[in-house]
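Should a chain be cited, it is by its letter among A, B, C and D, assigned in written order, with residues numbered from 1 in that chain.
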Amino acid sequence: MIKAGIIGATGYAGGELVRILLGHKDVEIKWYGSRSYIDKKYADVYQNMFQLVEDTCLDDNIEALADQVDVIFTATPQGFLAGLLTEEILSKAKVIDLSADYRIKDVSVYEAWYKLEHKSPQFLPEAVYGLCEQNREAIKKARLVANPGCYPTCSFLSIAPLARAGYIDMKTLIIDAKSGTSGAGRGAKVDNLYCEVNENIKAYGVASHRHTPEIEEQLSYVAGEPVTLNFTPHLVPMNRGILITAYANVREGVTEEMLRGAYEEAYGQERFVRFLAPGVCPQTKWVEGSNFVDVNVVYDGRTGRVIMLGAMDNLVKGAAGQAVQNMNLMFGLPEDMGLTLVPMFP
Amino acid sequence: MIKAGIIGATGYAGGELVRILLGHKDVEIKWYGSRSYIDKKYADVYQNMFQLVEDTCLDDNIEALADQVDVIFTATPQGFLAGLLTEEILSKAKVIDLSADYRIKDVSVYEAWYKLEHKSPQFLPEAVYGLCEQNREAIKKARLVANPGCYPTCSFLSIAPLARAGYIDMKTLIIDAKSGTSGAGRGAKVDNLYCEVNENIKAYGVASHRHTPEIEEQLSYVAGEPVTLNFTPHLVPMNRGILITAYANVREGVTEEMLRGAYEEAYGQERFVRFLAPGVCPQTKWVEGSNFVDVNVVYDGRTGRVIMLGAMDNLVKGAAGQAVQNMNLMFGLPEDMGLTLVPMFP
Amino acid sequence: MIKAGIIGATGYAGGELVRILLGHKDVEIKWYGSRSYIDKKYADVYQNMFQLVEDTCLDDNIEALADQVDVIFTATPQGFLAGLLTEEILSKAKVIDLSADYRIKDVSVYEAWYKLEHKSPQFLPEAVYGLCEQNREAIKKARLVANPGCYPTCSFLSIAPLARAGYIDMKTLIIDAKSGTSGAGRGAKVDNLYCEVNENIKAYGVASHRHTPEIEEQLSYVAGEPVTLNFTPHLVPMNRGILITAYANVREGVTEEMLRGAYEEAYGQERFVRFLAPGVCPQTKWVEGSNFVDVNVVYDGRTGRVIMLGAMDNLVKGAAGQAVQNMNLMFGLPEDMGLTLVPMFP
Amino acid sequence: MIKAGIIGATGYAGGELVRILLGHKDVEIKWYGSRSYIDKKYADVYQNMFQLVEDTCLDDNIEALADQVDVIFTATPQGFLAGLLTEEILSKAKVIDLSADYRIKDVSVYEAWYKLEHKSPQFLPEAVYGLCEQNREAIKKARLVANPGCYPTCSFLSIAPLARAGYIDMKTLIIDAKSGTSGAGRGAKVDNLYCEVNENIKAYGVASHRHTPEIEEQLSYVAGEPVTLNFTPHLVPMNRGILITAYANVREGVTEEMLRGAYEEAYGQERFVRFLAPGVCPQTKWVEGSNFVDVNVVYDGRTGRVIMLGAMDNLVKGAAGQAVQNMNLMFGLPEDMGLTLVPMFP
């Protein structure tokens, strides 16, 4: 039985980790960390856990935690883990970080986009970017996994097959993304009130969203060239779900068959990425509550562009589900253990 | 391995049965019946099942089906099963009917409220009303289970403890119910279009909803007297969830402690009914996707009334989940098998 | 041209006042008071007002304001106006208070339910309860109007005709109310975040909501007897709208015709209360954005009860619209001036 | 007093026409045409109109109608008007067509995208494309106005200033659009049921949506060159609103100041197009219920692209509001008459 601790257990991603781990046969949660709710019963914060979780929220003493558990999940604000992580902690427990602290290899890029000084850049080289479908083998051996951002996960999986195959002109890549509101977290802000979000759609972080360099870095690895792109997220009136609509010019000589072939090759053996039939558009509702990413591609002969589409539950494959997938890999468990959640519809 | 067949597999309740049974270790679905989608791939109707269900929809030949499976779920319109059921079918397979055909013992009451002639009243005596918490032992021996309606399930479980204890005046009972839209089914009707339901709330079926006699009958058994009550359902702009707010005068001499005691006694050992702490109001979101019913009671000393509250996912405990709970009982399996779904929040 | 000032102009009710007054030919808003946004452009707080309002938010100096305007609207927290109101202010400007400070005549009742000391009870006798359909003549002469609460407005208008006629047993009266989320205000609270409200319904303030004594007081005037009732509000995932479902036993000898007659008499001449045709249930969407209240009544012969139904936009007739209706009466203008808003559907 | 007739008065666009025209001082609706609801009271179809409209629905006899009214609005399926329009009708009444029949000058393009034979191409030359901000003078003299599509209106107004100024490379233009569900009409289809749309987002009509050639044609006029672009619409769980996010490469030498200048020049004098302050993203909620289009532009120096943003109420400026704006122009009335609706928030 793997003993797990969660720091940031009362945020939406933390709560989803609890939901998923409760259904994982080989894991026991030993520590529900929550700075905001210390000494409060966890099930009083999330009443869905009534009679399912009897524990009380603890503080975020990561050193004490490392002594008691095998794996630590940090679902915390940027900068938190970077400020606390030590070799000693890593020597005692594996760490899966749901924040951005170790996602970007170039510390100056991190600091420029996040407006934060990175307090422990020494761990950047060993941190593995936890996109399981891409870095599976490295994750298996990792002590420290940087769990990918929600937008980067869905963007990467939607685009990578064509980037890797060299079928698109990376200079023309544009990502238009749409997300449910849980991605904004559980903080009490006017902008996230029901009445402000409901019956509304807006773009935000235009040309400045922090997930941009993360997407660029990961795509540059598979494309084999530096990537600079436009990424525009939008806030959609729904709780869960991310939809990616990406555009790029197709290179000369690439046929529709080749395009579909690239996805089939990439995802034919993947449990969690479903390449849909021709003409079927991914919908976030079709993956809700599950670890699936549904992707598809449309070629537009009129313009010579492809439209790459991807849908995902931002709290599962975009956060907690992928974190558990990473944990499974790190501990030698079947990759889909605890993750066989069937999407809930409607 | 239990072999199961579903007739009406492409309605919302049918789809939920598929979702739940896919996670049930001892069941295999052998027949996806759907009159509307014969020969179409099931996963083309419900794309969430892509790569999870490879089967094609079949017709609703219940006799052929009875030869092939151990249990038949009928998630069909009222009158369908009553028109087809035979002793031969029941001798071959157990039947769990999600329609109202065998819920009401008095055939004249059924015919009056449903405006239908009942074609097989001979099965009414043996049919067991499948409210597991109430009729557990009878269900274990049943061949034919009438799976309760969504409103009756939530109403009964919210009110029964006080009715049984004789703590409330049943003549004063009023049930004000609120339901998400999936309860209205997947039929294409203007009234259920997104733009008609969204940003709207209305009562419907006022003083005439068909679930009224079902609730009255079941409560009369535990109250030991005939019950006539007001039941008013409302349509709420959300997919899933039922909330019951019920009112009744408390009998003289009944204390708050006695009220809470009645619920504790009724549900202390129940896995799926959660009696909340004093002052906590049930919320449908806290049980979404799970088989739980959350109930609570508030005593109002000013008026001498209790307010009984209950929340439930109408597609799970109110339909497919309870059907699987019934199946588990009928086949001697652990009652919660395949039903340990953790509520999804947010 | 009437000069108007608003204190609390950046709450939802305040914003709605601005929306309505911008369409009122005889009013000019001279003061946008907002403690939270002093010196900020009003249209930067509410971007819908871009190019429509050029003013900057001012503080809430009610004495300075009284010198400059003819009417002051206070859309402020309970206790605010009671703490500041003076004879001098009232001698200079008419005041329409959207808070509860002057709604309840018995100061001890106010203090018990609101847990506040009332700082200016001397104005209670002269304050007129601004339910226009009930107190029209008194409002015309008032200097200080207590604009009714949202739930009380809809409850009263739905029930008053039968209470006034003596057709129902007031001891059996139960009000089950449902409200959109704008009623909870624009404060940044976790409970009102999009993800907490969406796909959810719950009761709140059960047996303890502050609008209870207000409803009881107003109904007691028309019933001619003290009224004690149950009032249970629910939070519905929508922005606007209140629906009332009220229950009471009908007195012997009262026929359906008499029931409908009571409503026809009460509302036959009223512009803003629409008594619907038999069998039509009020829906909040049918009145959205308008000053209408739609009411209807259903008699249930099985139980001897009536179900009284009412739907209203909580921000219009339940707040800002009724405030403007009161203003029109106080200044001798046509009662519907600026209020001929057609409900917006869908 | 202008006498108006509406054919297709019971669709969402037709209903919105009624809402707006009821508030127009110089118009009287004489004919509520609705093939589906002949002889039914209009207010029984749209209960929001109870006591506001006493008329009964009539058939769609356009010749009889032309004898009785000054202006005919057709909010009908594609092909309807083209199949009926005659010189005689046009000689008696002005016609504003909300369908696509006369929007596209090249009949072969219309027929290819709409899969319909055009039955009256002889009227295409005289039909004026009713985008008021672009074709104001021609509209004033028109007998037949083709009211623009919702997506084309918002797309054109968001992009035209830069296209006209030659500041962007039209070959790189990509439009990613998001629409509320009312755009899909009031037909009873499973895809538009509440439970299918709610908590979901999807792209549809990828590389094949019929508004594509309409946008291309109109932009080609202002760009002075043929335009071929990608247009991808998405269905958003909300009733009203369209948001456009468009991308294009900026031509060398174009500065941010020049970009903003182009919008200021285009819209500085326009009542209904609001060019927002730098950094403010348009939101559909800020324009709901009004005839405004909010636009803005962001320059991304990293990629050399502009992101052009526009938000609009699809039923107002995207349909009925623009139709009334056209009518005002055609009849010499102030352009904003009946259209001074303040956006409703929240």
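By our rule, contacts are C-beta pairs under 8 Å (C-beta built on N, C-alpha and C of every residue); 3 or more make two chains touch, one makes a residue touch a chain.
None of the values given here were measured: they were computed from a predicted structure.
Between chain A and chain B, two chains of identical sequence, the interface residue sets overlap for the most part, with shared numbers making up over half of the total.
If you average the Cα atoms of chain B and of chain D, the two centres end up 46 Å apart.
The distance from the centre of chain A to the centre of chain B, each centre being the mean of the chain's C-alpha atoms, comes to 36 Å.
Chain B and chain C have centres, each the mean of its CA atoms, that are 38 Å apart. In chain B, 12, 182, 195-196, 198-199, 237-240, 283, 285, 288, 346 are the positions where the chain touches two or more neighbouring chains simultaneously. If you sketch which chains touch which, every chain touches every other chain without exception. The residues of chain B lying in touch with chain A in their complex are 12, 15, 19, 22-23, 46-52, 182, 199, 239-240, 274, 276, 280, 283, 285-290, 294, 340, 342-346.
The residues of chain B lying in touch with chain D in their complex are 12, 181-182, 186, 188-190, 192-199, 237-239. Across the complex, chain C is touched by residues 172, 174, 176, 178, 180, 195-196, 198-204, 206-207, 228-230, 232, 234, 236-241, 243, 245, 247, 281-285, 288, 298-300, 302-303, 305, 307, 309, 311, 346 of chain B.
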